[in-house]
Amino acid sequence: MKRFKRNKLAMIGSTIVGALVIFAIFAPLLAPYDPSRIVDSDTLPPSIWHPFGTDDLGRDVFSRALYGARISLTVGLVAVTIAITIGTFFGLFAGYFGGLLDSAVMRFVDVMLAFPSIFLILTIQVMLTPNIYNVMIVIGLTSWMGVARLVRGEVLTIKERQYVEAARAIGADDYRIIFKHILPNSSAPIIVAATLGMAGAILTESALSFLGLGVQPPTPSWGNMLMDAQAYLIDAPWMAIIPGLLILVTVLSLYFVGEGLRQALSPKEEIK
Amino acid sequence: MKNELFKIAGLSKHYGSVRAVDNVSFDILPGETLGLVGESGSGKTTLGRLILHLISPTSGKVFYNSRNIFRMTGSRLRGLRQELSIIFQDPYTSLNPRMKIGDIIGEPLEVHKMASKPVIKKRVDELLHLVSLPSEFAFRFPHELSGGERQRVGIARALSTNPKFIVADEPVSSLDVAVQAQILKLLVNLKSKLNLTLLFIAHDLMVVQNLADRVLVMKSGKIVESGPAKQVFTKPSHSYTKLLLASTPRIPAPA
Amino acid sequence: MLKINDLSVIYRKEEATVRAVDGVGLSVEGGKTLGIVGESGSGKSTVALSILKLISYPGQIESGEILWNEKDVLRMSDDDLRKLRGGEISMIFQDPFSSLNPVFTIGDQIQEAVTLHGGNSVVELLKSVHMPDPEAVAKKYPHELSGGMRQRAMIAMALAGSPKLLIADEPTTALDVTIQAEILKLLKELQSKFKMSIILITHNLALVHGFCDDVVIMKDGLIVERGAADEIFKKQKEKYTRELIEAIPKPRWK
C-alpha cells in the first residue's frame, strides 16, 4: 500500500480513474442535457452553456462525454471480468493438474493467440448485430489468454511451496488447495493484469465503435463520437479532441495504476 | 514385536537412477522418539515423506497399525492424515502468507470436519497456549511473527488433530541457535506431556541427542547404523557415524 | 595489519533507515584468526563486506575508517581498491553456487583471478586446495561439482593473488557437517602455508573453538563482547554471550 502511494504517477492515475468513475456513475445527475437530444445549434464551439461545445447535430458534447464515460468504463469492467474469470480458471486448472489437461489448455491458448485478435473481433462483430452487449462479451472472450498463461505460471511456482505441501499433508483435497491456498497467493499478477486489461478493453471498444462495429448511435461512446467527428475536424475540432483526449487520459491513467500496482505488489528482497 | 506402531519393510524410492531411499527396513514403537540423522542426499527427507504417504514408493511397504498405508484410499487415507502429522523445516514457507494464524492452526480440524467453528476456535486457543504463544496471535499473519514463533505455529498445527505420530522434518535447522534451543525444549515438553511418537529428522547428531530414544543414521539412501541413542553416541559401530561425531564442532565445558 | 575504527553502515529501506553496523572497531594481526560471531541481522556480514568497500545501495558506509597496513580502504583510489580486492585481501562467501558464474568452467574463472592478480597456475591452485583430479575439475562447470568441491574452487580463486588476509563469510553454513570439518581444516592448513590472517564470519559460536585466536560477538550492529577464543568459552562477561554458549547442544554422555 505504502509503496503504491509513493509512486506519483500511480497516484495521479488513480485519482483520475476515480474521478472518471464518479462522473460515470453520476452522469444522469451531472449532465446538463440529454445526450441524445438536439439542444442547440450545431457545431457550436465550447462556451459556458456547452463546456465542450455541440456536435454536428446540435447535441451537447459534454453530456455525451459523460455518458460515454459510462459506456467505456462499463465495457472495460465487464470485458475484463469475463477475461479474468475465464483466464484464471484455465490457468489454475492447467497449472495445478498438469499433464494432459495442461497440454490441452495451453495448446488451445496458443491457437487462440495465433488469431490476430483485432481481426477476430472485427469478423465476429460484422457477423453479429453490433451492440454494447456483444462488444463486452467478444472482447472478454478474446483477451483471456494472457491471463491464463500468467496464472498458470504463478500456479506452477506456488504449487511447489511448502505451505501447499502442508495443506496436502493435512488432507486437504485438490479444490481446497486450489481455491484456498493457491488462488489467494496468485492474486497479485491477476490484479495487475485486470487493470492493464481494462485499459486495453477500453481502447478496443473505442476502436470498434469508431468503425461502427461497437456501440451504436445514438448511444454515445467515445469511439462513435470520434466516428461522427471525422467530417468536422476543421470546422468543429472539439468534437474529435474531447473524446480522443478522454480515451488517451483514461487508458494512460489505468496504465499508471497498473504499473504502480505491479511495482508495489512485487516481492520484496530481504536484506540481512 | 507385535506392538510396533510402524513397520517399514524394504522401502525404496528411486528417481531414475538415483536411489534416494534404498531398501530400508525398521520399526517405530509407540511412544518412542526416533532420531533420523543424515547429511544432504542421505534420503532422510524422502523417507519421512514416504512414511506419511506424501509420496509413493518405488517398492516396499509401510505398515501403520498392521495396515499397509500404500493400499489405503479414500476415507481411510483421509483418516490417516488425521492421525499422522508433519512439522516442516522452513517456518518462512510452510505457512500460507495469506491466512491468519488461527485459520492455519484450525485448518486440519476444518478439513476433517472434526468440530464446529466455535469449538475449533477454542481448540486453536488451547493449542496456542500449548506452544506458549499469546491468544491474540490467532488474528495475526505469518509475516508478523518471528521465525521461532512461526515454527511454534507449525507445531500447533501439527498437534491440532491430536495425532498419534508426528514427523518433525528438521524443525530447527532454519532457526538461529538461541531459538533452536527454545524450540527443542518445547518439543521435549510436548512429547512427554502428550505422549507422542516422534520421528525427528535432522542433519546434526547433537540436536537429536536430548530428544531421541533410538537413533538411525542414514547415508546414500541406506541405514548404516541404528541403536539406542546413548550407544550410537558413545560407541558408534559404523565408520560414517564416527565421522559425523568427529566432524561436529565441540566446545569445552564452561568452567 | 587490519584495523577498523568506529565503522558505521546504514541501509536505506523504504520504511526507515536501519543502522546495520554501529561504531564497530576491531583489529587483526598478521597470521592470526579472528572470529566474528552473531545471529542473522547482527551486522557481521556487513562488517566483512565493508572491509573491501563492497557495500552498495541501499547500503552506505556512513563513517569510520578501515586501515589496511595504515592505508584507509574507504578513502583509496578505485585503482588501488581494485588491486586490493582479490590481491592482498580476498573473500569467500557462503553460497558457492551463486558466487560462481554458472556459464564458465571452474578453470576459466580461476584463470580470471590469476590473470588479474598473477600467481600460480590454475592447476597448482586447485592442488593446493586438495581438489581431487584438478585437471579434470578445471574443465567442469559449477553445477557439475558437489557443494564441498565448489567451496574448494572458490578458495582456490581467492588464493590466486596470494592474499595476506582472507575473509570467509559463513563459508561452511550451506555445507554438510562432515564437509564443513574438511573445509575448516583446509583453511587452517592454507593459513600456515601462506602465512595469512583469516577473519571467519559465522553464526555458530562452536566453530570458533579451535579455529580462531580471537573472537568478537556482535548483536544488532554493536560489538557485545570480545576476547581471546579460549577465554570466552571459560568465562563470559555478557549475558548474551552466555546465552549463545548455552544454546550450543552439548554432548549428553561422556
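Letters A, B and C mark the chains in the order given here, with residues in each chain numbered from 1 onward.
Everything that follows uses one rule, which is that a residue touches a chain if its C-beta (ideal position, glycine included) is under 8 Å from a C-beta of that chain, and two chains touch if they have at least 3 such contacts.
As the structure is a computational prediction, the values presented were derived from the model and not from experiment.
Think of the whole protein's Cα atoms as having one middle point; the chain whose own Cα middle lies nearest to it is B. Comparing chain pairs A-B and B-C by the number of C-beta pairs in contact, the larger count belongs to B-C.
Among the other chains, A has the CA centre that is most remote from the centre of subunit B. Between the CA-based centres of subunit A and subunit C the separation comes to 53 Å, rounded to the whole angstrom.
Spacing of subunit A relative to subunit B, judged by their CA centroids, is 49 angstrom.
Taking the mean of the C-alpha atoms as each chain's centre, subunit B and subunit C sit 34 Å apart.
For subunit C, residues touching at least two other chains, in rising order: 40. Note for the complex: subunit C touches subunit B at residues 39-40, 147, 176-178, 180-181, 203-207, 209-210, 230, 233-236, 243-254. Touching subunit C in their complex are the following residues of subunit B: 39-40, 176-178, 180-181, 184, 203-204, 206-207, 209-210, 229-230, 233-234, 243-244, 246-255.
Residues 161-163, 165-172, 176, 180-181, 184-185 of subunit A touch subunit B in their complex. Of all residues in subunit B, only 52, 54, 77-78, 81-82, 85-86, 88-90, 93-99, 107-108, 111-112, 154, 157 touch subunit A in the complex they form.
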